[in-house]
Structures are given as structure tokens and as C-alpha cells.
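In the two complexes that follow, chain A is the common piece, with chain B as its partner first and chain C second.
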Partner chain A sequence: MSKRIGMEIALAAAEAVALCKPDVVAAYPITPNTHVPEHLSDIVAEGRLDAEFICVESEHSALSACCGASGAGARSFTATSSQGLAYMSEIIPIASSMRLPVVMIVGNRALSGPINIWNDQSDIMYQRDSGWISMFAANGQETIDMAIQAFKIAEHRDVMLPVNVNLDGFQLTHVVEPMEMPDQKEVDSFLPPFKPIATLHPDKIVSMGTLGLPEIFNETAKSKDEILKDSRRVILEVWKEWEEKFGRKYEPIEACEARGSDVLLMTLGSMGETAEVAVEEARKDGISVGLLKLKLWRPFPFEELRKAVKGCKVLAVLDRAVSYGGPGGPVFSEVRSAFYDMQERPVVINEIIGLGGRDVPVSDFRKIIEKSVQAIKTKPEEEYEIFGVRGS
Partner chain B sequence: MKKKKKWPEDWQDLNPGCMVFEPGSAREYHTGSWRAERPIFDESKCIRCGVCYIFCPEGCISQNKNGYFEADLDYCKGCGICAHECWPRAIKMIEEG
Partner chain C sequence: MSIVENFDLYAPRLIDKEEYFSAGHRACQGCGEALAIRLMCKALGKDTVVVNATGCMEVISTMYPTTAWNLPWIHVAFPNAAAVAAGVEAGLKVMRRKGRIPDRDVKTVAIGGDGGTFDIGFQALSGTMERGHDVLYVCFDNEAYMNTGIQRSGATPFGASTTTAPAGVASSGKGQWKKNITEIMVAHNVPYVATACHSYPIDFMNKVKKARSIKGPSFIHCLSVCPTGWRVPSAHAIKMGRLAVETGIFPLYEVEEGKYRMTYRPERIRPVEDYIKGQGRFRHLSPDELTAIQKRITLEYNKLLDKVDNLHSWGELQD
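This part shows the complex of A and B:
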């Protein structure tokens, strides 16, 4: 039976990963995700988890080790943040194109520079087009649930893709929250053992990671795109099973008070929790506002998004990253392109908030709600803004 | 005899992760077709040290029955590393064609 615990989320994430019995954990410590691998190494040292814990010398090696291990048929896990994730960059698209179901927890942190250890989501957005399944937790419970779901989704025969589970650095990693921790029996009955398509073993020789000539490269790209899009089907199946077993519902976009609301906010990650408080307050003041919490970032839930905004007049997309010199925030650009062919579509505004750990209190969300209400009548001139910048 | 296809026709035919289940299939790709220069081995200067064999990045140099070394031109890409490493200067690179 699940147990109610109060624990730092990073430690709870490590406990949840341990319940999935990974064979190999390879990681290099980096703030703010450090406690995830650190606690896993404790669990291995205590003998509670029979895994090979590889203390690598870099994140590049961490993911390389996971890829090799996964190719050999081992359930493999790593975790990182920011510059560490950037240092993995070379291996990240290799894991997905080789169909290696590695699971990674990313404690989201700003990419330098200036050097900054605090939270935003620029690290994972930098890896957006790498072919991984990518999901975002809004709180501790979602973090541990998604960590367990991630292995099942990744290792499904129709998927066989790596998955990254994102939680905001400090805002989530270092916060103590009450959570329901499933027990070993429950996780065992949910998560079957990893059955790889082939393994690197001398008894049956296969080659992985070979050269792809121009004659097949377009086809490999098409296949990567189709398989990632099709993984949506399996993700929904796994989430449905999770709901049946554990009673907690997961959807690509979670809607709160969204139906019939004139204004909707759309959030990714932990800011959804603060936004929810602001939305509740504003509704008490008679403002017609709701909230969409985006949980699945890749494959992007276009269909669900179009349905969720039916009847809404203004959608304020909140990003925690900037696409410099581009269209604003990365979520915003996806959302706007999703609406292009719709006859009736809301006005979309983009507020880029909370960069490099800048605090975003409820009052800021209230200001954004106010601005969105005004946008019902007059569309703001600028398409996007970095919220609260001094001097603008 | 029907010629064996060199690569999958449609994207659906690709193996997962482009895994290759048939060992040694790289032999089918004659990378020697890229070559602009070829190595010529002068046995009168060769001391049979095997340095060329060790350094060849293609692994296409082997020892013949007389103990001298030669390159398999189906796979030699003409990089000239063997000629550069051979200190008695027994290997000369000459232009193809």
C-alpha cells in the first residue's frame, strides 16, 4: 500500500526511481538536481537497490554510460540540470535515434550566462528537438508518479524512446512536500521488467549506432518523428492505467476552471501551482479566468490544446525560457502555430516569467490576468514580453 | 540473380534505432570508392614492422604470406596515414586515375 510521506522532492524522486529497480545509474552531481543521484547512491550503498552506480567524470559520460548500458539491456537512469544537460547535448539525440529507453530527471535550472544556479526552463528547451519524450511535473506527487510512469512509457515496445521528467530546480527539487509513495509491490505490478528488442551480447551479434548514408537519412527522420508522435497513444494508455491503479489522473493538459472562461493562463511546471492560487482569487473577484497546465511537452498535445481553448477569448502563455531573436517563449511559439488553421482562435499573449530564479508571486499572476482581461478588448502591441523587466 | 538491396526502401522498413542484425555487413560498403590517392608499398624498403597495419583507420591493411603488408583497395580511403607513419618510407601515395 502507498504510504503518505513528507520528504524533500529530490529525495522522493530518488526513492521512486529506486522502486523501478534500475540496473544502472550513471550521474554527475550538479545543482539543483544533485540530491537525486546522491540519494540513489545512498540507496545502492545501503543495499536497498541492486544497481551498478557509475560515478562518471562528466555528464557527457553519464549519458554515454546509460546508452551503453541500455544497449546491453539494462534499465538505465540519469539525472542532471542546466550546464550538465548542455554537456550531454552530443549524446541526447543519439539516445533517441538509437531507441534507447533511458530515463532522466532534469532539475530545471537556467543556462549560463551570467552564471546562475536558479530555476528556469531554458536548459530543457535547448534540447527541445532531440527526439525525447518530455514531461513536466508541477509538484512533488507528479514528480514521483512521472518518474515511475516514465520507465513504463520509455520501455513500451511501440515506443522504445528516452524520457525526460522535468521538475523546477529549487522550487521543487529542494522543497519538502507531502506525497503518496507507492510501495514495491504496487510498482512491480505496474512496471514489468525491461525487455529490450536486442542486446549487445556476443551470442547474438547486432550493431547499434551505425552510419546512416544520405540514401536513408530522410527515412530515419520520418521514422523518429512518427514514433515520437505515436508515443502519445502509449502515454495516454499508461496514464489511464496509472489512474485506475493509483487514483491520480494524468492528462497532457490539465484544465482548472477552464470551460467557459474568457481568459486562460497556460503554465508549464511548478508555476502552475502559484497560478492556480491567483486564478482562484481572481474568480472570487468575479473575473472569468481559468488555467491550463501543460504536462506533456513532447510529443506536443496539439489536439488537446485546440479542444481546451474552445470558447476562450484570450490565452496567456507563460514561458520560463526565451527563444532569443525569435518568436518569444518556446511554448508560445508552439501554441500559436497550433492555432494557425483554426477559424475561431483566441488572442494569444506571451509573458516570459521567472528567469534565473526570479520570484513570481501570486500578485504577478494577478497582474498577468489583468493584462489578459484588457487584451479581450485591445490586443497588446508587443507579441511577447519578459515580465517585470526594469527599464521597459 | 536479384540484386540485394543496399538500404531499406521505405521509412517503415527501417529496423528500430537502425540496428543492424546481420554481423559484418559493413563489408558490403566499399568505402574505397572515395579514394583520391592510393598507397604503393615498396617491399625492398619495408622492414615488416606492422606500423602501417596498426595505424590504418580503416583496418584494411593486412600481412601477406611473405610477411609484407598490403592494403585492400576496396576499403582503403586514401588518407595517407600509413605512408606518413611508415618511417623507412616504404609507402608512397600516388594519385588515382
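This part shows the complex of A and C:
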């Protein structure tokens, strides 16, 4: 039976990971994610989890050790943030290319510089094209659920890809929330043991991570792309099973009051919760506005997105990262390309908010809703805006 | 002088016939590193997992879909062989404990070039040694980044010309001395550290066997002649390895729980010139520079002998 708990989300995430019985955990401390590995090492020290906890000397080694362990056939987990994620980045695309189903929790934090420990999503966006499945939790419950789902998705025979589960640093990692924590029996019945296809063992010899010449490189790229796209089917299956077992529904895009609304906001991560409050308020004031919460970032849910915006006039995409010198925010860029071939498509505006921990209160979302309503009549001149820049 | 009569006749019988690193790979002719790996694998035997850093050996042995490896083998990247090995070792250990793999000893062995060990992989190596993983790390030191075209590394000897520290009118090749990686590993207080060279195959293989049998981290520094990068004829690879040892430039020794022991001690130390003159990478050196090198090598050799004579094992120091 699941238990109702009140706990800091990072600790709850560690508890959820422990329920998945990882064999090897390798991690390195960095704010705001540190509590995840700290708490996991507590759980190991208390004897509640039989795992090898490797206190590596860097994040580069954390993911490297996870790759080695996963190659050997061990369920492997790591967690990091920001500079740590960037420090891992050499190994990130190798893990996916080698089909090593490592699970990673990312407590999202701004990339330096200037150095800043607070939240935005620039760290994971920097790793966007690395071939991992990438999902975003909007609250504590989703963090727990996704952490458990991640292992099942990653290790599915048709997937065998690493998964990162993102939760906003501080906004989520350090917040105490009420949550439902599944029990061990429930998780055991949901998550089968890891059955790797090949392992590093002399009883069955394989070479992993060999050299790919130009003659086969296009083919490996195509297979990586297809496998990641196809993982969508498994993700949906796993989410359906989750809903049946635990009663909580997961979709690539969760729509709130979206049907028939003139204006839609689109969020990623914890800002969806605040945006929801603003949307509810605005609707009470008679504004036709709804909300799309994007949960699955890779593979990107193009189909679901196109369906979700049917009939809407303005879509305001809220990004928490900047693609410098490019189209604005990374989510915005994806959304616009999704709409290119549509005959009838909404006006899309892009607000980049909450960088480096800048607070985004409900009133700011109200302003963005206001601006979106204006955009029904006149499309704003600038393609995107970094919201609330002082002195501008 | 031959130590044993008819050594050449029966030496091959001491060596396992099984090939774990098979022929048909793409190493250059006379590659000392490829030979050393072949010997290492024979000494390790079947129950081994090899973790390879990027470098010549990974590139020449595993062009997809072919592989020269008849042992479980993994390559992830250049700087992280030691970290990947830590993960493999931890994974095997926990799965054995949980009964998911057969209950027998499988050794994790990480291998890297000098670049992957002295330089870019140094941090991961230090971490793995410090944490005490049951991993043997073998560095195949050919004294430059050969895979990318003979660039200088922390292992390149003083005065060698490389493509990033070339000799020229205003330069005499590398201007710094070789980093003493073996001593740095000894300073990690690991139970077994040794130097070796493929030109002394039985010595090398004995050291590999010893390291394999030790629980905990161990390190072997294997000088590996690269004819391509050193600018020597392929046929001189074995000879150059022998000269490195006979001139005292690369002494063969081991450090077992703090106790230093020379495993081969030439009766007469030859002048370094004998080693240097046959190699294109040193062609430009002046007599003065040769003298400076001789001085330094003599000093280093004497420092080592001093340790051999005077340092005690941990066991001896305990009481």
C-alpha cells in the first residue's frame, strides 16, 4: 500500500530510487541536487538498500562508472545539476549510443556564468541532442512517479536507453510536499528485474563501444533517432500501466482547461503549478485561457502538441533557458517547427522566464496571459522576450 | 648474457597458447603496445574484463563490426578508463553478492596509453586507486599521444621531438622531464605497483599475474615502444625496449606493500646515448643536452636504488 508522506522532494526522490533497487549508484555532490545522492548513501548505510555506492571524484567519473556498471549488467543510477551535468557531457551521448539504460535525476540549475546555484533549465537544454529520454516533473509526486517509471522505460527491451528525470532546483528539490510513496511490493510488481541484452562477463564475450567508421555512422545515427522516437510507444504503455496501478495519469502533454480556449500557455517543469493558479484566476475574470504542461521533452511529442492546440488562437510558450543567438527558447523552437506544416496554426509567442532562480509569481503569469490576449489582435513584433529584464 | 641455457627453446612453452587479443588488428608493424597487450591478456587469462581508454589500441582493435578481443571488453571514452573500470568492478561485485552472476572471481583490468593515464585520465585514475577498487590498471606508455599523431604528453621524455613540442631552431623538443607516474601511484598506498616492458615478456607477465592475484588496486607501468612515433625501424622495437632498461632510463622494478625490488638489474648500466642515438625523435640533441639527460637519468636511477636498499615493507614497519 502506498503511504502518504510529507518530505523534502529530493529525499523522496532518493526513496523512490531506492525502491527500484539500483545495484550501483555513482554520484558527486552539487547544489541543488546533493540531497538525492546524500539520502541514497544514507539508505545504503542504514542497510535498506544493497547497492555499491561509489563516491566518485567527479561527475565525469559518475556517469563513466554508471556506464561500466550498466555494461556489466547492473542497474545504475546517478544524479546531478548544472556544472556537474556539463562536466558529464562528454559521456552523456556515449551512454545513449551504447544503449546503457542509466537513470539520472537532474535538479535543474542555471549553467554558469555568472555562477549561480538557482533554478533554470539551461543545464539540461545544453544536453538536448544527446539521445536520452528526457522528462520533466512539475511537483513532488511526479518526481517520485517518474523516477520509478524511468527505470522501467529505460530497461525495456525495445528501448534500452538512458533516461533523465528533471526537477527544478530549489523550487522542487528543496520543497516539502505531501506525496504518495508506493511501497516495495507495489514497485516490485511494477518494475521487473533488469535483464540486459549483453553483459561484460567472460561466460559470453562481447566488445562494447567499438570504433564506427564513416561507412556505418549514418546507419547508427538513424537507428539512434528511430529508437528514441519509438520509445514513445513504450513510454505511453508504461504510463498507462502506472495509471492502472497507482491511479495517477501521465501524458506527454497534460492539458488544463485547454479545449476551446483562445489562449494557451505552455510550461515545462514546476512553473506549470504557478501558471495553473494564474490560469484559474484569469478564467474567473472571464479570460479564455488554458494551460499545456509539457512533461516529455525527448522524444518530443509533436503529434500530441498539434492536437492540443486545435482551435487555439495564441500559444505562449514559456521557456526557462535561452538559445543564445538563436530563435529564443529551446521549447519555442521545437513548437514552431511542429506547426510549420499546419494550415491553421496559432500565433506563437515566447516568454523566457525565471532564469537563474528569478522568482516568477502568479502576477507575472497574469501579465503574460494579458500579452497573449493582446496578441490575438496584433502579433507582437519581437519573436521572443526575456521577461522582466530590469531597466528595459 | 643469457640467464638460462636454451631459454629461447622453452620460453614459449611458459606462455599460454590461447589468444585473447587476436591477430588481424590494424596496429603498425612492430607495435610494442599491441605486443604488450597480447602478453598481458595471456597472463590474465579468461576471467577478465578489459576496460580500454581511447587511443591507438582501441582504434586498431575494434573497427566495427570486427574486434580483436576475445575477452569481454568495453570502451567508453578517453579520460575515463579508470572510472568505467570502477563501475564494472562495482557492478560485478554487487551482482555476484546478489547471486545474479556465477560465484567466481572475475578481474577488472583498465588499460590506457600514457595520455589516457598521465594526463587526461589522471583524475579518474587517482580516484579509482584512492577508493580501493579491485582493479588492475595497466598503462601502456609509448611516450606520446600516438593515436592523434605523436603529440607531447606528460610521459614524453625530455628532448624528444613531437608534433606539438617539435625540435627547431628555437626549441630542442620537449623541455620538461617525464612525470614519474609510478611514484605517484606508490604514493596512493596501493598494494602493488610495478614497471615493465614488452621486451622482457616473462617479467611483464609475472607482474601481471601478481597484480591480478592481489585484492585491491594495482598499477603496472609498461613502457611500449612505438616505432612510428619514436622514428625507429619496426624491427628495433624489442631492442629499444631492452636499451631503455639497460641504460637505466626505464628500470624494471616492483613495489609490493611499500617494499621496492628490482626485478631485473643489468650488470653494467650502458650510457643513455646507446638508447637515444637510434631514435629519430632525439636526432637533434646536442652533446650538452645528452650530458644533461645522462646526469638526470643517473640521479633518478640512484634515487631508485636508494629506495630499493633502504625502504621497508609495510609489514616490517608495523612492529
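FYI, the second predicted complex is superposed on the first by the 392 of 392 C-alpha atoms of A that agree within 3 Å, B and C clash if a C-alpha of one lies under 4 Å from a C-alpha of the other, contacts with A are read in each partner's own complex, and residues count from 1 in each chain.
Operating definition for what follows: contacts are C-beta pairs under 8 Å (C-beta built on N, C-alpha and C of every residue); 3 or more make two chains touch, one makes a residue touch a chain.
In this text the structure is predicted, and so the values were computed from the model without any measurement.
Visitor: What does the overlay on chain A give for chain B and chain C, a clash or a fit?
Guide: Clash: chain B and chain C overlap once superposed on chain A.
Visitor: Between chain B (first) and chain C (second), which, if any, makes contact with A:Ser58: first, second, both or neither?
Guide: So A:Ser58 only meets chain C here.
Visitor: More residues of chain A are touched by which chain, chain B or chain C?
Guide: The partner making contact with more of chain A's residues is C.
Visitor: For A:Met98, select first, second, both or neither according to whether it touches chain B, chain C, the two together, or no partner.
Guide: Both: A:Met98 reaches chain B and chain C.
Visitor: Going by the contact rule set out at the top, does A:Ile386 touch chain B (first), chain C (second), both, or neither?
Guide: Neither partner.
Visitor: First (chain B), second (chain C), both or neither: which does A:Ile205 touch?
Guide: Touch status of A:Ile205: both partners.
Visitor: Touching A:Ile197 in the superposition: chain B (first), chain C (second), both, neither?
Guide: first
Visitor: Looking at A:Met160 after the superposition, I want to know if it touches chain B, chain C, both of them or none. Which is it: first, second, both, neither?
Guide: Touch status of A:Met160: first partner only.
Visitor: Look at A:Ala72 in the shared chain and tell me whether it touches chain B only, chain C only, both, or neither; answer first, second, both or neither.
Guide: second
Visitor: Between chain B and chain C, whom does A:Ile216 touch in the aligned arrangement: first, second, both, or neither?
Guide: both
Visitor: In the combined picture, which part of chain C sits where chain B already is, 147-155, 237-245, 255-263 or 291-299?
Guide: The stretch that clashes with chain B is 237-245.
Visitor: So which bits of chain A does chain B touch that chain C touches too?
Guide: Common interface on chain A, chain B vs chain C: 98, 205-208, 210, 212-213, 216.
Visitor: Any idea which chain A residues touch chain B in the complex?
Guide: Counting only chain A, the residues touching chain B are 97-100, 160, 197-198, 205-208, 210, 212-213, 215-216, 218-220, 222-223, 226.
Visitor: Would you tell me which residues of chain A are touching chain C in their complex?
Guide: Chain A reaches chain C through residues 23-24, 26, 50-52, 54-58, 60-62, 64-74, 76, 90-91, 94, 98, 199-203, 205-213, 216.
Visitor: List the residues on chain B that touch chain A in their complex, please.
Guide: 6-8, 10-12, 14, 16-21, 23, 25-26
Visitor: So in the complex, the part of chain C that touches chain A is made up of which residues?
Guide: By the definition above, chain C touches chain A via 46-49, 51, 58-59, 62-65, 67, 69-77, 79-80, 82-95, 97-98, 100-102, 106, 123-124, 126-127, 130-131.
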